[in-house]
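Labels for the chains are A, B, C, D, E and F, by order of writing; each one numbers its residues from 1.
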Amino acid sequence: MARPVTLFTGQWADLPLEQLLDKVVEFGYDGVELACWGDHFDVSEAMKDPNYCKNRWEMIKKKGLGVWTISTHLVGQAVCDNIDLRHKSILPPQIWGNGDPEGVRKRAAEEVKNTARAAKRLAEAVGHEIRVVGFTGSSIWHLVYSFPPVTPEMIDAGYKDFADRWNPILDVFDEEGVKYGLEVHPTEIAFDIASAQSAVDALGGRKAFGFNYDPSHFGYQGVDYVEFIKKFGDRIYHVHMKDVYWSPVPKQAGVFGGHISFGDFRRYWDFRSLGRGNIDFEEIIRALNSIGYQGPLSVEWEDSGMDREHGAAEACEFVKALDFTPAAGAFDAAFARE
Amino acid sequence: MARPVTLFTGQWADLPLEQLLDKVVEFGYDGVELACWGDHFDVSEAMKDPNYCKNRWEMIKKKGLGVWTISTHLVGQAVCDNIDLRHKSILPPQIWGNGDPEGVRKRAAEEVKNTARAAKRLAEAVGHEIRVVGFTGSSIWHLVYSFPPVTPEMIDAGYKDFADRWNPILDVFDEEGVKYGLEVHPTEIAFDIASAQSAVDALGGRKAFGFNYDPSHFGYQGVDYVEFIKKFGDRIYHVHMKDVYWSPVPKQAGVFGGHISFGDFRRYWDFRSLGRGNIDFEEIIRALNSIGYQGPLSVEWEDSGMDREHGAAEACEFVKALDFTPAAGAFDAAFARE
Amino acid sequence: MARPVTLFTGQWADLPLEQLLDKVVEFGYDGVELACWGDHFDVSEAMKDPNYCKNRWEMIKKKGLGVWTISTHLVGQAVCDNIDLRHKSILPPQIWGNGDPEGVRKRAAEEVKNTARAAKRLAEAVGHEIRVVGFTGSSIWHLVYSFPPVTPEMIDAGYKDFADRWNPILDVFDEEGVKYGLEVHPTEIAFDIASAQSAVDALGGRKAFGFNYDPSHFGYQGVDYVEFIKKFGDRIYHVHMKDVYWSPVPKQAGVFGGHISFGDFRRYWDFRSLGRGNIDFEEIIRALNSIGYQGPLSVEWEDSGMDREHGAAEACEFVKALDFTPAAGAFDAAFARE
Amino acid sequence: MARPVTLFTGQWADLPLEQLLDKVVEFGYDGVELACWGDHFDVSEAMKDPNYCKNRWEMIKKKGLGVWTISTHLVGQAVCDNIDLRHKSILPPQIWGNGDPEGVRKRAAEEVKNTARAAKRLAEAVGHEIRVVGFTGSSIWHLVYSFPPVTPEMIDAGYKDFADRWNPILDVFDEEGVKYGLEVHPTEIAFDIASAQSAVDALGGRKAFGFNYDPSHFGYQGVDYVEFIKKFGDRIYHVHMKDVYWSPVPKQAGVFGGHISFGDFRRYWDFRSLGRGNIDFEEIIRALNSIGYQGPLSVEWEDSGMDREHGAAEACEFVKALDFTPAAGAFDAAFARE
Amino acid sequence: MARPVTLFTGQWADLPLEQLLDKVVEFGYDGVELACWGDHFDVSEAMKDPNYCKNRWEMIKKKGLGVWTISTHLVGQAVCDNIDLRHKSILPPQIWGNGDPEGVRKRAAEEVKNTARAAKRLAEAVGHEIRVVGFTGSSIWHLVYSFPPVTPEMIDAGYKDFADRWNPILDVFDEEGVKYGLEVHPTEIAFDIASAQSAVDALGGRKAFGFNYDPSHFGYQGVDYVEFIKKFGDRIYHVHMKDVYWSPVPKQAGVFGGHISFGDFRRYWDFRSLGRGNIDFEEIIRALNSIGYQGPLSVEWEDSGMDREHGAAEACEFVKALDFTPAAGAFDAAFARE
Amino acid sequence: MARPVTLFTGQWADLPLEQLLDKVVEFGYDGVELACWGDHFDVSEAMKDPNYCKNRWEMIKKKGLGVWTISTHLVGQAVCDNIDLRHKSILPPQIWGNGDPEGVRKRAAEEVKNTARAAKRLAEAVGHEIRVVGFTGSSIWHLVYSFPPVTPEMIDAGYKDFADRWNPILDVFDEEGVKYGLEVHPTEIAFDIASAQSAVDALGGRKAFGFNYDPSHFGYQGVDYVEFIKKFGDRIYHVHMKDVYWSPVPKQAGVFGGHISFGDFRRYWDFRSLGRGNIDFEEIIRALNSIGYQGPLSVEWEDSGMDREHGAAEACEFVKALDFTPAAGAFDAAFARE
C-alpha cells in the first residue's frame, strides 16, 4: 500500500540476479534491495562499465520491480574491524589482498567510497535517489562486557577510530549526494540506542550518516526498538523488516549465545520468518508513520528452521497486510462533521 | 540456619583484612570468602611463610568467624585471556612482568597452581576442606556474536586452549586434594549452561573442576539459573549469593551494555543488593537442598547505587531469613500419623 | 456468517449517504447503522415527509445492504449535559437555538422522542425492528474523581436528573415499540458496569432502556467488558465493534488523557482499527453467543493513525473472519455417537 | 505443504463415511483419520470381509483423499478401566456383552488385537503404513489426588496391570508390523510427561508402543507440551492438532472441572477451534520438524461453542497456513555466499 | 492483631499434645486447632469421660493458648467415600472394623455426630463456641474428568448420596448448636466454587453446613480463591492459612500430578511454607475483613522441602505481619476533617 | 537512614497536634509534614501571632521530631477551581465567605500568599528551609474526556487562567524565598507528566513552582511515575510516599471510578497502606538518589480497609527498610582495588 515492499537479496547471493528476480516477482514483492556481492550488484563493474547500472536497472524494470537501496554489509564490516581470518571468507579477493589488517581496512574503505559513487550512477539510471546501507565494523566490540575493567578512554578510542575511518568515506557520500545507513547490529560500532547515539556524536551529527533500521537486532537484547525510531527519526534512511524470537522462559544459552549455532533448541533467541517471532511490527509501522518515513520496507528473510522460498512468500504477504496509509486528519473531529 | 553465610571480600580489598573482619562481624556474617588480593590472602606469602595460613586463621577465628573458600578471580582471568593493557590493572606486578601475553598467561597459571597449594595449607590450619574459586579467562570470548561467520573449528580451538592450559593446573589441584570452582561469567570460557557443559567436556569431566555458582550472571542473559544447579549438581563447589536487576521493559542499552557504565539509567540490567533484584532465591535454595549442597552461601555484594556497608548488612539479613533446613521426611504422611 | 456486519456512518458524515453506500458495498459490509446527522438520516425530514423513510430504505436496499439501527449520539448527549459552547458544534441550529442550557436540553429531549417515532416509520418501511442507539449526557460527569469530597447525595441527584429527563422520552419509545440503547461511554450517565447498573436502577429497570455495547470504552479503563455482556445480557440492544489500544507500560499521559489529543505518542491509550488494539473479540463473540444476541455487529471505525478507507475495509474482513455460528449441541457427546 | 492435513472422523460418527468425505473435501483437507466406530471403519467387517479394506480405500481415494491412521479410542479405553455403566454407552454390544468387568476388558483387548490386524490389511490396500491410535484406560486414574494417602505400591500395581494387559496386544502389533499410539489424556494410564515415561518404562520401552501426540490435553494442566515432543521424539507416531483455552484469571471451576459441563462459562478451561485457544502451535511445528516427524497433522475438532462445519473448515485453513517445510541448511551461512 | 493465629495440629500428631503445646508457644502462636487424632483430641474419650474436655482445656489454657476449632478430616473422609484399603490407614480400628464399605461409612457418620457432641462439651469448658471442621468424602470424585462420558444423572446421584449421609449428621450439629466447616479440597464432594455451590444446594442451604476456607487447594487449580470468600461470606466458618506454589512455566507433571510424590521437581505445584508460595494473602485478609470474619487464622503448615519447626515459626510471624484491623470509617473523608 | 521519614498530618486533623505528635513518635517517625488545617498549622495565627511559629516548633522539637514542610491542599484547591458547594466543606469560613465563586478564588489566593509568609516565619524558628506543598485546582478538569469535542483553545485557556492566578502568588513565594510544590493529582491543573509539563510551561518555567511528588496518583492511571522523577528532577521539592493498588484483572468500575466509593470491591484501584499496593518504591528510591533529592520522605497514609494507627506504624517501618544511602563511587572498580 503505502510503501514498496522489497526483498533484500543478501541471503540469496547463491542465485544469479536474473533468476532471483523471477522468484521475487512470484513471491509478490515490489522490488529488491541489492546486495553488493554475488552477481547482484558489482561495484567494480559499476565503476568500470558506464552501462552497468543502466543494464541492471533495465533487468529489474523489465520484471516490473523497483530498487531504492544497495547494500555493502560485508565490505563495510572490514572498515573498522580487528581483522582476522573470518574476514577472508566474506571479502572479495582484491580487498582481502594479503590479509594485512590495516591494508584490508584501507582497501575496504576505498570500496565503500566507490559504493557511494556507484549508487549515484544507479540513481541516475533509475531516476530517483539510491541509498547505501551496511555495516561499519568496530575495533571495540570485544570489550562488550567490562571485565577486566574497561576504561572510558578505551571506549572513546574506539569511537574516534570509527570517526577517523568513516569521515573520509562520508565526504565522498556528501560529494555524490548519497546517504549511508548503518544497520545497527552486534559487532558494529553501534548495536543499541546508546551506542548509536555515541556513533552519531562521534561524527559530529553529520547528515550523510544515518541508520538502516532493523528491529530484529534489538528485541532479544532488551532494547526499545520503537523508541529507536522516535529518537533517530530524521536518520532512518532505510528499514529492514526482520523478525526475531526470544523465549518467554530462560534457556541453556542466553543472549550471549553460548558459542552454539542458530537453530539450536538450547538458545534463548533466534531469527524467525516475519510474523513468527516476537517483534511488534504494528508499533513499528505507527512509529514510521509518525516520522514520515516513505521509503521501502525491505524484508531481510532469515529463519534457520524454514525453507526460504516458503518464507519469502509468506513474509511479503505479512508485510503487505500490516502496512497502511496514515490518516489525513485526526479522527475525533469526523464524528461531529455535518 | 542450615548453612554458613559468608561475605566475599573481593569488593572490600581497599580495607585491611583485620579492619574488614570487624565489620563482617557487625554485619552479622558467619564467615568470609577470602580474596587473593589486597592484603586478604596472599598466595606468595602462604608459599613462603609456613605460619602465614595459621596466622590468617587465628585472626579469623578470634573474631568468631569461619572460612571455607579462597578466590583467585583476577589471576585466573589471565590464564586463557588474550592479554591487553586492561590486565595490567588487575594483576600483581610480578605476574604482569613485562606484559608479553604468553608470559603473563604462564605466570598466571603458575600462580593458580600455588593457590591450590596455599588452599591445602590453609585447610590444614582450619581443619576442614578449603576450596578455590575464580575465573579462567577465554581466548574466544570476543567471538560472542557469530559475525563475520565463526566456524565450529574456531570455537573448538578455544576450548582446546582452555584444556591445554588448565589441565596441568588441575593436576596440582588433584595432588593437593583441592577443588576449583569456576564462576561462570561473561568473558570466561563458560558463561551459561551450554558453554559450561562444553568446558566440562573439554576437560573430560575431571572432578577437580566444577563451579562457583552465581545466578547474577545468568538471569539477565535469559539463562535458566535453577536448571544450572540441577544439571551440574555434583559440581557445585561453592555458591555466590548475588542479585541482579533486569528491566521489565526494553531500554536504550540492552544485554550487550551499549559501552556504558554500570549504574547508568539507560541500561537494561544492573547488579543490585540482595532482595532488590529479580533473582528468585527461593527456587535456588530449594534446588541447592535437592542436590544436598552443604557449603557456605557467600554474599558477593555489588550495587552501584547503594552504600556498601548498608548493603552488606541488609544482604546478610536477607540470606539468613531465606535459607532453611530441608525436611527430614515427606509431609503428606504426617497428616495421618497416629 | 451468523450476524450481519454493518458500518456505523457517524465517522463518515462528511460524505452524502449515497456516495458512502457505494463505498460500504465495496468494503464488504452487509449494511449500515445510520447516523442521525450529516444527510444520513434526518429525523425532522422523517417527521415531515411521509415518504422519507421509504426513500432512504429504497436507496439502501438498491445497494444490497440492510439497516437495523439509527444513532442519535449528538442530540442525545445534550439531554442531561451541563451545556456549554462545545455543544453548539455538535447540535443542529434549531436545537441549539439561543444556547440557554435548559432550553437546549428540552429541545434535545424532544428530538430524541422524534427519533423514536422516526425509527418506527423506518421499521415499517424496512419490515423489521429498528433500534435507536446513542448517548444520554450526564450532569455529574465532572465529579469523576471525588475531590473535593463528593457526597452520595450529589451522585444520587445526578441519577435522579437522568431519570427525570429520560423517563418521558422512554415513554415515547414504549408507545412506538422502539428500544433505546445507550452507548456506555465516558461523559455519559453510565461509563462502566457499576454506573450502568446505577442507570438501570434509576429507571426502575424499564425495558425500553438498554445498551449499545462497545468494548472500546471499557478496556483501557480496566473495566471487564466480557462481564458486561453476561451481567446485562437481556439489555444488549446493539453492538459496536471498536478496538482500542492501551500500553503495556506506563506513559506520560494516562487514562485521564493529559489534556492532549488522540494520536499523540505520549498517551497511554488510543482507538485503533479492529484487530490492531487490545480488545479480545473472541471472548466477546462467545459471550454474545451465550446470551443469544442475533443483531448486527456494527463497526465503529476510528483510528487516528490510519486512512479510514483502508481501515473500514480491513475491519469488515476482520469481523467476518471472527464471527461464527454457535454449536447446535455440546460436543463431547459426539465423540461417542454411533 | 510439508505434511498432509487430515480430519479425525471421531466427532462426526453420526454421519455415514461417504457423506462425511464429501464435506472433508469441501473443508479442504488432504485426508482422514478413520474412527473405528460409526460406519467409518468396522474392525469386525475388516476381519470378516477380505474386500472391506480395499473398498474403504477405494471410496476414500475416489474423493482425492488419503488415510494414514485408524483410531480405537473407545474400545481401547475398556482394556484397563474399572468398568462401570459409562462404558456401556461407548462400546459395541458384542464387547459389552453382559457387562462383567473382567469379561469386558478381555473382549476389548481382543478387539484391539484385531484392530492391528485390520490396520495391516488396510495398509496393504493403501500401499503404505497405517498406524493405530487410541486410548488404554487405567485402573488407577481415580487415585489422581493422593488422599487418603496413596502408596507407591498402589501406583506400581496400576502400571503392572497396564503392562500385563497390553503386552499381549502389542505382541500382535509387532507380528503385524503396526504401531500403536496412545493419546496421552486424563483417564488414561498416561496423562502427562511423567506418567508417559512410567508407561514406557512399564513396557520395557518396546517400540510397538508410542504416542498420538495431542497438546490440548497438556496445556491447561500446566504440562510442557513442547518438551513432550523433544523427550519422546522417536515415539511420536501420530499428531493431533487440537486447541484448548485456559483462562488468564482464576474461575469458579478449575482444572478438575467442578463436575460441570464443557461450555459452561464458570470453567477454567475448554476445548476450542484451532487458533482460538492458547496452544502455541508455532513451537509445536518447529519441534516436530526437529524430530523429523513426517506424518499427518490430524485435526481433532472440538469446540462446544461453535458450529462444527464452520470450525472444521477454519481449522484446516489454520493448519495449512501454519505448517511449513524445514530449511535445507542453516541460514547465517547464506548471507556470505558468493 | 485482629484475629488469633492458631496452628492446626494435624501434621504434628506424632507428638503428644502437651509436648506440642510447648513448641506452639515457642513458635509464637495464640492457640491451636485440635486434630481429632493422635492424642490431641479424642472424641471417644470426650464422650466417655465427663472431665476430658475440661482437662484438655486446662492443659491448653495453662500454656496461655486458646482453642476455637476441632478437626475431623480423617473420619469425615470416610462418610461418603468409596472405601478401599487406603482408608484403613487413616481410620481408628473401631471405625474401620472389618472394612465392609457401607459399615465403615456408617460408623464414620456416627463418629462425626459424636464429634459435634464433643465440640459442644469442649465449648462449655472453654466458654465460647467451638466449631468442627473436616472432610466429607465423595462417591463421585473418580468421575473428575468426563470420559467415558459422565451423565448429569451420575453427578446428581453423588450429591444426593452426600445429602442423604450428611443431613442426619447435621441434625445433630443443629441440636448441639455446633457448625460444620467442610475443607473444600480435591477428593471431597466440593473442591472448587462450582462444586461447593452444588453441595450447599444439595443440603437445601442449611446453615449447619459451611466451609473451612483454605486457599491452597484452589490456587493451583485455577480457582478464584478470593471470589470464594465473597460468594460464601456467611458460610466461612473457619480459615486455614496454607500456601501453595505453582510454576510460572509448564512442567512434566501437571495439576493431575502424574502419579508422582509431593516434593518431586517435575511437579507443576506443591504446598509451601507460608509466604513462599503464590497465594496472595493480602487479598484474602481484605476479603475476610469485608465479610466480617472474626475467627482464628489457622496455619496448616505443609512443605515437603522444609524442616517443620523452622516452618511453623516463620509461618506464625508471616501471618502476624500480614493480618490487620479493619478501618473504622472510610478514609477520604478524614482528609478534610477539621 | 539517608532521609528523614515524616508523617503527613492531613489525614489526622481530627486530633490536636500535641496528641498526634505523641503517636507519631510511637509510630517511629522522624518528623511531620504539617497540614494547614485542623489545629496543626494555622496560617492566620502565624500571621497574627509573632510567637506562633516558634511555639509550634518548640512543641515539635520537644518530642524529638523535625519539620520541613507545610501543606495547603484544601485552600490551594480553591484558587483555580470552578467553585461549588463541595468547596464549602473543605474551606475555612472566612475563605468561603458568601460562596461567590470569584470571591472564594481570590480569598484562597490571598491565603496561599500568607502561607508562603508563614512558611518563612516557621523556617526562621526551625533554622532551615520550609517548603509549602498543596493543590492548585483547575478550571478545565471537567474536560478530561474530549467529548463533546474540546478544542485546543479551551485547554489553553485553562492553563492561562492557572498562570494568571498563580503568578502573583508565586511572586510572594519568591519574595519570601519559599518554594511551592504542587501535588500532581486528578482535579488539579496537572495530573500526569504531560499536563505537568504544560503547567510548568504556562508559568514560563519559574523556579518557585515545582512538585510534591506522589506516585499513588500516577500508577493506576498508567502514568510512568519513575520517568516523572527523571524528567522533573530539579523541581521535585517534596516527596509523598503513598501506595496504591490496581487490579491485575478488569473490574466493574474502572479508572474513572464508577461514581462509587473508595473501599468498594467493584473498583479497579484503591489507595493502600505502604507495601500493600503496586507501586515499585525501589525504583523510586533509586531515581530520587539519581537526582540527589535529600528532603524528607513523607508518608501520606490512606487505606480505606485498615485501621490507621496500625497502618501508620507499619508504613514507617516499611519506608525505613526501603530507603538507603547512595554509593560513594561505582562498584566495579572496587573489585580490582588493591
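As a convention for this text, a contact is a pair of C-beta atoms (placed from the backbone, for glycine too) under 8 Å apart; a residue touches a chain by one contact, two chains touch by 3 or more.
The model shown is predicted, which means the values in this text are computed figures rather than measured ones.
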Test of understanding: which option in E-F, A-B or D-E shares over half of the contact pairs of C-D, residue numbers taken as the match?
E-F
Using C-alpha centres only, name the chain that sits farthest from subunit E.
A
Looking at CA centres, what chain is most distant from subunit C?
B
Would you mind pulling out the distance in Å between where the CA atoms of subunit C average out and where those of subunit F do?
40
Rounded to the nearest whole Å, what is the centre-to-centre distance of subunit B and subunit D, using the mean of the C-alpha atoms as each centre?
50
At which residue positions does subunit A touch at least two other chains?
89-90, 146-149, 249, 261-262, 332, 335-336
Which residues of subunit C touch subunit F in their complex?
74, 77, 81, 86-87, 89-90, 140-152, 154-155, 158, 185-187, 191-195, 197-198, 218-219, 221-225, 227, 246-247, 249-262, 264, 266, 268-269
Over in the complex, which subunit F residues touch subunit B? Could you list them?
1, 230, 282, 286-287, 289-290, 324-328, 330-332, 334-338
Which of the residues in subunit D come into contact with subunit C in the complex?
10-14, 37-38, 73-74, 89-90, 92, 261-263, 265, 271, 273, 276, 302-308, 310-311, 314
